[in-house]
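Reviewing the structure listed below.
Think of it as A, B, C, D and E in the order they're written, each chain with its own count starting at 1.
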Amino acid sequence: MIVNRRIGVYILLRESLRSLLALFAWDLLVVILFQLFHQEWMEQPALPISLIGSALVLFMNVRNNAAYSRWWEGRSLWGMVTNNCRSFGRQAGTLLNNRPDLACAMAAYAHSLRGSLGDIDVSADVRRLLPEKIEKRIRGISNQPNAILYEIGVEVNAEVARQNIDGAVHGQIDRILSDMANAQGGLERIRKTPLAIQFSGLPRFLTICFCLVLPLSMVQSLGWITPLGSSLVGFLFVALDKIGHDLEEPFRNNTAHTLPMKAMAITIEIDLLQPLGLPAPPPLQPEGGVLI
Amino acid sequence: MIVNRRIGVYILLRESLRSLLALFAWDLLVVILFQLFHQEWMEQPALPISLIGSALVLFMNVRNNAAYSRWWEGRSLWGMVTNNCRSFGRQAGTLLNNRPDLACAMAAYAHSLRGSLGDIDVSADVRRLLPEKIEKRIRGISNQPNAILYEIGVEVNAEVARQNIDGAVHGQIDRILSDMANAQGGLERIRKTPLAIQFSGLPRFLTICFCLVLPLSMVQSLGWITPLGSSLVGFLFVALDKIGHDLEEPFRNNTAHTLPMKAMAITIEIDLLQPLGLPAPPPLQPEGGVLI
Amino acid sequence: MIVNRRIGVYILLRESLRSLLALFAWDLLVVILFQLFHQEWMEQPALPISLIGSALVLFMNVRNNAAYSRWWEGRSLWGMVTNNCRSFGRQAGTLLNNRPDLACAMAAYAHSLRGSLGDIDVSADVRRLLPEKIEKRIRGISNQPNAILYEIGVEVNAEVARQNIDGAVHGQIDRILSDMANAQGGLERIRKTPLAIQFSGLPRFLTICFCLVLPLSMVQSLGWITPLGSSLVGFLFVALDKIGHDLEEPFRNNTAHTLPMKAMAITIEIDLLQPLGLPAPPPLQPEGGVLI
Amino acid sequence: MIVNRRIGVYILLRESLRSLLALFAWDLLVVILFQLFHQEWMEQPALPISLIGSALVLFMNVRNNAAYSRWWEGRSLWGMVTNNCRSFGRQAGTLLNNRPDLACAMAAYAHSLRGSLGDIDVSADVRRLLPEKIEKRIRGISNQPNAILYEIGVEVNAEVARQNIDGAVHGQIDRILSDMANAQGGLERIRKTPLAIQFSGLPRFLTICFCLVLPLSMVQSLGWITPLGSSLVGFLFVALDKIGHDLEEPFRNNTAHTLPMKAMAITIEIDLLQPLGLPAPPPLQPEGGVLI
Amino acid sequence: MIVNRRIGVYILLRESLRSLLALFAWDLLVVILFQLFHQEWMEQPALPISLIGSALVLFMNVRNNAAYSRWWEGRSLWGMVTNNCRSFGRQAGTLLNNRPDLACAMAAYAHSLRGSLGDIDVSADVRRLLPEKIEKRIRGISNQPNAILYEIGVEVNAEVARQNIDGAVHGQIDRILSDMANAQGGLERIRKTPLAIQFSGLPRFLTICFCLVLPLSMVQSLGWITPLGSSLVGFLFVALDKIGHDLEEPFRNNTAHTLPMKAMAITIEIDLLQPLGLPAPPPLQPEGGVLI
């Protein structure tokens, strides 16, 4: 995720450069064919370019809204993971009368979750934090974070039986685990369900059509200045299309627009371990304006 | 549900082909009548086509927003079913001290639910998973998934009485069952309440009117090129109309845009059975870019 | 509620017919006065009709969005009533160890609620289902459904005391009753608070102004074809205005757009009575494409 | 709140009259200066009035959406107060084994809340309902409704101790009190946080600028008819601005658009007192189409 | 936060002054070059400025909507902190049988939270309210408010054990602490996750491009009046851009648009201390129309 605005605008422009050049090349081709080779069939000033443009912008706004909602929902669900981890940490330290191993297991859960969402190898972090007995029991299970959560539930259950803790208190801990399962399920929902293809595939196709037709409608009146005017308009549409594309997959792991899942997992680790007096890693710092 | 973007755009274009051809044929007819047979009453350049077009796009965006919300709400509610199934699995394994038959019954519930939402025959999956005694008791009841949930509640109640489990713990399990009933009710609400007819029927009617009038307003200025310009604009409107149509019924079972309920039910089955050490089917794979 | 799309579009057109005819008559009058009697002061081509039109469409979309949200919120709250009724049925059958009379009272509650929301006489349905002792106690109270819920709470309380049921279990039942009170309160909120007058009254007034002015701005350029062009645009605006009007009161009981409260109450009755083995009515079928 | 649509439109028009007259006067001045005194520098047909107008309408729609959301959220939170009052009434009558004084105190709470939100003197209603011992204890506290809620909590606590009521049942009552605190907090949030100044102050300023410039861009082509055309457009913008202004403060106590807090508080009183057999006032009736 | 509308508009205009002057200077330069030095290549009336403008406004509305949602969500989450503080105060006074030190600790928590969100030094307020033994235990922990919440949980746990309070009651208090953790987590989410760079950085860049091109498209037809027309349009776009910029960071501590966190924390303090009879500070008053 980009955290520095100035660097961010620069990154955005750099990412758009290729589209911008392709656009400019096509606009140039049109104006050269028209002005030098008199391909006059190319001029189509009567094309309802303004109507098409407005329709396209309106549609892309709906799409970008949906994409941004996915991105922000992803962030909010990670926030819920954070909150529930903290609450579980408080419960492990108070209601369960100090079980630091379970707080560590919960920190491992956060790392395991970011691994499964972003297809990242997190085995080092998980091994560092997860108690060995739990680690053994979850081998071979396909949904690793869910398995960790299940085993934490098993441990809590055993502890409750051992200490003879009140059922209502047990119920409150179980509620946090259920809330955690809800947050995880929400994250997996966003991960596994791409934005409806009508919203993710169609805008790009329509943008390309629009940018191809655009200079034809301007070349007669703008003449040699066509590439500038046409590229300016085209860039606006390419930028709008790019927004949705960047935001629609908040966990895709190779862009500057991915949610900073590593930083969030480390924050969770710090918040879980520090109150128990355990050593915690320092928070992750952004590199080149981007936090991962 | 389409999970591959490239294939997805291809599917969308293929589905739009028929409308596009009809549109093109009409545009061609208009231009031929106008250019060859001089039916000059056909030219209506003063028609406020831009105002009508903008109004229609704005309205369709509102509609598409509503349709997409239904689709995403449907997906989110299935996510809630998944989450509650997992939480129930954890509770069956811990709070109830291991009742694998109830976890299986919950997996059967997920299949039964997808059957009732999509009008699909799921008796094989349900029979495979549902304990026989429950299966007997629910025969003849019209709402099968609700009946399974009811019987799971009966079993939990008996187990609680047998093991003398604390009321607060029982309360937490009952809460998960109530949350499940809420998610199921939400899914049935979307299934049984079509998008308001004003949003589902009117846009198509208005789009057809608009596409019929469109070439009349262009034929004078665009001449022989009318079919291209008119079809381009017309296609944009047909595509916008199609979006709402595709997304408004997320459980309709014969299109590429239906939610992948089978894949989700199998995921639930895996998440319920694996932690208990029971054999689970492999996850469903997409075929031709489409997950069912 | 219209459940058949084809019939639905037909109903919508039939309902709009009167407005359409009035519109056409006015357009005709304008063109006749202008063409035959040369009332040339009538032509006002410079009127910023496009700006007014766009502004009006944008405003009506905001309004229609709000009206649709009301309609959908009403439907969702009825869904919550359904869900809570099912959960209460499950609790009456399990936690309370079989109290079919309370399940019947809850079904009566659903009918009483639809009566109070839609100003319909439902005394037959309520009398058929409500236990006599409750029916006596609620006579003369103004908010009948709330009184039934109160009495169900009293019965549950007595049953809990009689069977010495655990407090936490009692708490779970009370939570369902509170959730039901929330759903009922939400429904009454929509019923008693009309859409803000700025959104419900103003658009119609502005639409009428707009349609009166519309032909004046077209008559010069469109000539004898004015009524067609003007009516097409006018119909679009009338349709947009009608959408909001149809959806803003989801419980108004004399249109095809009302929520099918009777069908929903009967569904609730079936879901409550069937698992207990009691006889239940068949589900309500749509008549002429409309479900009531 | 306006509950009669016909009267409502009339009220809206009456409230807009002054703006409309000012607008008309300015338009008249422009046309007179232009037509009679030939101040030709006044004609500015090339002003991009359509672009400015569209931008302004779009912005005002965003604003009006936000204002309407505040209004509706305020109404929904009052709905939550109603629901929780009813649930508390049910609990006071069942779980606490009949404590009519607490139900009365809760009705006093509703009146006290409307007093503090609307800066209205409600001491008569509060004194009529609030038990004297609570009334004494809350004297001098700045947030009166919160103090009443606190004292109800104290009373519930004492009653629980006296009757030795189960902790889980006590927990359910406490949950209702917490939900009530949430609803009250939400209402105070809307009351104390005006709509962001960018949304509440800027639109009016921009509308005035726009209306001043508007006739200048029309006077050349519309001539003597300018005041009509310009006032029609201007009125649309003034109406849009007025909507946001009317709705943004749902508790402002001197307009016809305020939420009917008195009527709602009396409804709460009826719903709390009737089931206990206590005398309750009749529901408030609208006067002149307006409910207060 | 600006609480006085008249002063607010003045502040907004003052903040926009610099942009407005820069805009005017550029417009003046263009008109002088064109009119006096006949740089006729500067006139570009055929530029599709209206299409670009509409697209930009639509995009900025989407962005401003997102920014306003962040601002309002921030305010709502602070409201939740207030509500939960009040509920905790009620619980500390009733369920825990009077623990004023914990109510004070909770007030310190509110101050600590505003300090960590706004990067403000709040040590004086925290030291004034936080019991010394808690203050010692949280030294050196990076997330101070979370540590205070943790220690409050520890104290509650000890008190429950000492007084032998029922588990369900303990559960209700723990639920309030979990809700508080959720609210805090939400606030930190908004604080740490800037609005997506596409929404925060791109609009300013596009606005600048647009304002540079704007006078070129007008200078031919507007002549010497260009700076006025162009600045009017430009100001509208600058104002729209400013809205998003002002609202996107609700906790940034040096503007008039920041949420009044100090005032809210003091309100919390009053609501916590007054019912216990402890001395409380007076509420904070706005200075120059701005509340901090």
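Heads up, the rule we're going with is that a residue touches a chain if its C-beta (ideal position, glycine included) is under 8 Å from a C-beta of that chain, and two chains touch if they have at least 3 such contacts.
By chain, with names taken from UniProt: A, B, C, D, E = Bestrophin, RFP-TM, chloride channel.
As the structure is a prediction and not an experimental result, all values here were calculated from the model.
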| item | value |
| --- | --- |
| Same vs different contact residues, chain A with chain B, by half of numbers used | different |
| Angular offset of chain A relative to chain E [C-alpha, multiple of 5 degrees] | 70 |
| Centre-to-centre distance between chain C and chain A (centres being mean Cα positions), rounded to whole Å | 38 |
| Averaged-CA centre spacing for the pair chain B and chain A, given as whole angstrom | 23 |
| Multi-chain contact residues (two or more partners), chain A | 50, 54, 58, 61, 65, 166-168, 171, 175 |
| Footprint of chain D on chain C - complex, ascending | 44, 46-48, 50-52, 54-56, 58-59, 61-62, 65-66, 141-143, 146-147, 149-150, 153-154, 156-157, 166-168, 170-171, 174-175, 177-178, 181-182, 184-186, 188-189, 193-194, 196-202, 205-206, 209, 213 |
| Residue numbers on chain E that touch chain D, as the complex places them | 1-3, 5, 8-9, 11-12, 49-50, 53-54, 57-58, 61, 64-65, 68, 71-72, 75-76, 78-80, 82-84, 86-87, 89-91, 93-95, 165-169, 171-172, 175-176, 218, 221-222, 225, 229, 232-233, 236-237, 239-240, 242-243, 246-247, 257, 270-271, 274-275, 283 |
| In the complex, chain C residues that touch chain E | 167-168, 171 |
| Chain B partner contacts - residues on chain D that touch it in the complex | 168 |
